[in-house]
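Each structure below appears as structure tokens.
You will see subunit A twice below: alongside subunit B first, and alongside subunit C after that.
Now for the complex of A and B:
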């Protein structure tokens, strides 16, 4: 297409935080870049162009470019979004202010470590199948009703992008809060018939104020999840379930005398 | 000893977690539900002045036990308010656990809420702010009414609103209660999934509309009611302290039936 005036895109303004916490000389500051918009431009494309044209040192994360890997979450005008799925045409005034997602460890500029946080969450909710059954690889797997499998797969669609954490005021105020991603994970294992854990077992993992009872139902997770997971519904379900766990009384005191 | 072990180690002696966080969460919701529904009833009762002074008088006497006793007993009102006050304090104590209590938390919350522009997060900010307001203005109102339970009526209440200068407090309280209550009841439905039905997202949209309609209804009703008490209070300021005498025999059948019951 010839580069005529008609084909020229509008000028976009990007205000991007730049900061390197590992460099003692670095101070957090915003840098402004102007870039011509192209057809179907995503934030991911724009960031690559900025890196290519103006700032070779600019740090941001991406892998799949298709909203699957969950690497490119960032705050766009205050809202956590996946850069690869964010179209610049959806910003009528053409100004995009980019910040790294809070609540995760900052590496540099827009690049954060969500993995470390997710690892802690996975360990906390013991994010693996708990079963006493011996696995016999020579035999066929136990059959599962398609509806039950679908219910598990539905919650398994989480890509751990961290957007639910960065859109949750509770998680931002209280870094020990397990977050919607953690509660969704609990709900996922709860629905999975392979996992033998009971409500009492899940209570031991998230039955406190930094777990299910810390959720203030602000619904930032529900409204911002890029995978559209049914977070309000599942968190409410787990809350009902864990709030009604029977009290065993704490057990008897063991005292050895003599 | 078991309690000391749990206190220091955060584990009960059988190795399990305390059930207290679950209980506190339930109590917070239950006390909020009670207060939210109570405030709907309260608003309807105080707005009885919009129908007539006689009707409001009858409602007042009903709460003083006119349907049971030949003579009014304001102590019933005092005890009822004491009960509501107790629930109010319990709810405040449980709900304040959610407040940002360090500067860093407050700063994060403020930055996030202003940047995110997310309705439900903003509604929570309103709830936290109005909740904090009510620690003070709610307590003033409750204590005054608890200790003056015999001075509720078309003239006595109007005198309090206008001549005693309580109307600014009531105006603030009206907005605080109606916003806090309706947002809280909506949040309760979301929190426990009571109204989720088969399509939780559609249910939420509907519920949000109902929530705003209820807020608008009670705020309008409240403003009209407050205006009515202000008007009566202004007209009655020269006779401050004089109690209302019913003009019709509206209460008579109630008293008669009460006497009949007792005889």
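Now for the complex of A and C:
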């Protein structure tokens, strides 16, 4: 069973940013709440208690509460995390300072617009299979090497939580940067044998400073990604691949190692 | 007043809604999808274990086909399902999975040669055929004869949802998030769209469409302990009830999953047991084989959940401050297998409970106890997905009672249903849009919007009393857990109904502290609560009236499945908005049309059925037809057609190819 028994009953302090940009009277300010810690308490549990007890209109987003849907990214003591997976017992001094993720439009308090941002990214990198093959649904599926399917799955695990974007200096400076999430998506379709796109095609989509050449390799994305995706490795790989397109002026069949 | 027009309006952006939208959009119809949350965060994302489709690629799936899948589904449903719909489903499922593969869902593939698996706690070697190499593989799941559940590790729902959502983006479906359906607009028995509230600015809008689809998922949150996401509150189904015309089917059919982790209720997939994991009690003893010698830990979910609770009641549970629980042991599968195929399970267990399930022995055992998981019931539809009560209103996915699950759904059959029903219902919905025009006047639309405006104004003008929305909601959830759970009896169900009715009255009077329109979670809770209570009352009241045990509905005071009196579907309608009880009536299931007439399921207790006289008669007829046709050299498709003909749109009825046997 959970090993949190020794922490039961501790008083926790939550400092939470409150601000409603749609209300002209509202100014960003921090509000402090105190809660007694319960066994195995997560920020999902704590924030709901605060809403029930003290602040019925406190805005935050949870859906799955299991670290699967990517809804609940927020800044916890300066670090972007999935709130539902954040256990209060991991904060020895019992103080948690909660802010909304930067780089996304604020709705209210801790709630930000990630969905439209991610849809924009998906459309920009054309996050779908490009294939001229007509699939006949009554016939056997296309064969895929098991290892290749696994490698595609590996990169398909991204939950579009936006934490990499909120960890990224380029994203803060350039709102049009596709982010690690977008570059990982390109790498995902690059390994998928169903997708017929070439390096030139991907270059068209992300071959500039708001794409693959915008990354400054500061590693914040990979450090914070809750799905532990190999973001730096994949970005570096795609950069080498697309840099080759640039060097050769495109249009050529290109081989890359990596 | 803002009015948006489109051809097809889909409420809900989970797997079912999005696949429907792709169907209508690809037929050239302007389609709008509305969702409470960004669609890729819909609860479909949380499905872990897999999707059933009878591909028969893996050696452990050999011999599988639509017929075997059909029989498993019917038995699983405890004969409560609509067999015609189950047939439509099993025939389309292989096509659905192949379509998804083409859309990039990275299904795990068969690798030729030997591999080591755990079956019945023994490590065994199986050999995959050369000619199956690279095709989609499958794992074992409860209540199935063959290994039929296709998967991407244990993140199947996530990869499926991204695959379908990306296809919808490609097709330029108009997807709008943070939009909530409040009520349906209807006139003269036809549905014309919905009144919708924007969850950011609080504005109400009317969406007017030729056809409207309710694909709003399950209603698990009327229970306190549930595997469902926090947005699974049944508000879509409640909107159908609130038309006073639409009906819900079998609301009492609620599934409890055997292995949510304690205390958070987060699910650990059935794939844990499918891959060879087992349940253990306080003594570390594997108890399921004592109860279910044949299917053991992999009997259907209703059976396993009850056996677990029975074992706990015998004092064999593990005591904890969160109540008694049992253990789920997957450590016997080995670290390598867990880190590849049960990775989210490992992550959940480590994050929330600090237990690494790959650690050998008791150290790695995870605490589990059954909890609410799935709603078999929902918006009653015809096989086309259209409501029998309101034309132009469709429903599919977990929100619907299309009725392929009856009184118990098999694991892996739900995500399969979402995409299959999206394909089928989406097509029928498109046909409806092509055949019908929008002919509704703005005065009617305005009246529906005004009614919702009025409701919100009324809530905001209520004086504060000493009641609280959160208290009422919690009490409702406790009642559902305690009195409308796995074991049910007349006395407690009556108490539940009585108290839920009082809560509904209270919910109509409770005031709120903040009276702003925009982004106000308290207001949202306030207008959703009466809707949730109507769902809860529908469940409890239908459960009270059904005096038999069938599938997941288990009455301690009526232990037998009573085919003689209860081979029928519950229908619930709420015609009087002021009432605190709905009307309940029934729809008979026609045994003489069944392909498989009622019999013993092959698991669970024997001799617990009150038989219907027609069951034997129909069985004799089925046997006779089969024998005659076989003697004339008919194949399985011709025999099936003679027993129970069914229709499908597009080319979905065509035969499915299988490796090594072609279209046999």
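One rule holds in what follows: the second predicted complex is superposed on the first by the 237 of 258 C-alpha atoms of A that agree within 3 Å, B and C clash if a C-alpha of one lies under 4 Å from a C-alpha of the other, contacts with A are read in each partner's own complex, and residues count from 1 in each chain.
As a convention for this text, a residue touches a chain if its C-beta (ideal position, glycine included) is under 8 Å from a C-beta of that chain, and two chains touch if they have at least 3 such contacts.
No experiment lies behind these values; they were computed from the predicted model shown.
On the superposed subunit A, the positions of subunit B and subunit C stay apart, so the two partners fit side by side. In the superposed model, A:149 lies in contact with subunit C only, and not with subunit B. By the touch criterion stated above, A:34 is placed in contact with neither subunit B nor subunit C.
In the superposition on chain A, contact of A:174 is made with subunit B only, not with subunit C. Ranked by how many residues of subunit A each touches, subunit B and subunit C are led by C. Once the two complexes are overlaid on the shared chain, A:10 sits clear of subunit B and of subunit C alike.
By the touch criterion defined above, A:78 lies against subunit B but remains apart from subunit C after alignment on the C-alpha atoms of chain A. Once both structures are overlaid on their shared chain A, subunit B and subunit C have a minimum Cα-Cα separation of 17 Å.
When the two complexes are superposed on chain A, none of the residues of subunit A touches both subunit B and subunit C.
Partner subunit A is touched in their complex by these residues of subunit B: 1-2, 6, 12-19, 21-22, 24-26, 97-98, 100, 105, 108-109, 112-118, 120-121, 124, 187, 190-193, 196, 200-201, 204.
Note for the complex: subunit A touches subunit B at residues 75, 77-79, 102, 167, 169, 172-174, 200, 203-204, 207-209, 211, 213, 215-220, 223-224, 230, 232-233, 236-237, 239-240, 242-245, 247-248, 250-255. Of all residues in subunit A, only 1-4, 20, 22-23, 39-40, 42, 51-52, 56-59, 61-71, 85, 87, 107-108, 111, 114-116, 118-119, 122-123, 126-129, 131, 133, 135, 137-146, 149-150, 152-153, 156-157, 159-160, 189, 192, 194-195 touch subunit C in the complex they form. Within the complex formed with subunit A, the residues of subunit C that make contact are 37-43, 45-46, 55, 95, 97-99, 101-104, 106-111, 133-137, 152-153, 155, 158-159, 162, 166-167, 169-170, 175, 177-178, 200-201, 229-231, 263-264, 266-267, 320-321, 340, 344, 347-348, 351-354, 367, 469-470, 512-514, 516, 518-523, 525, 651-652, 654-659, 663.
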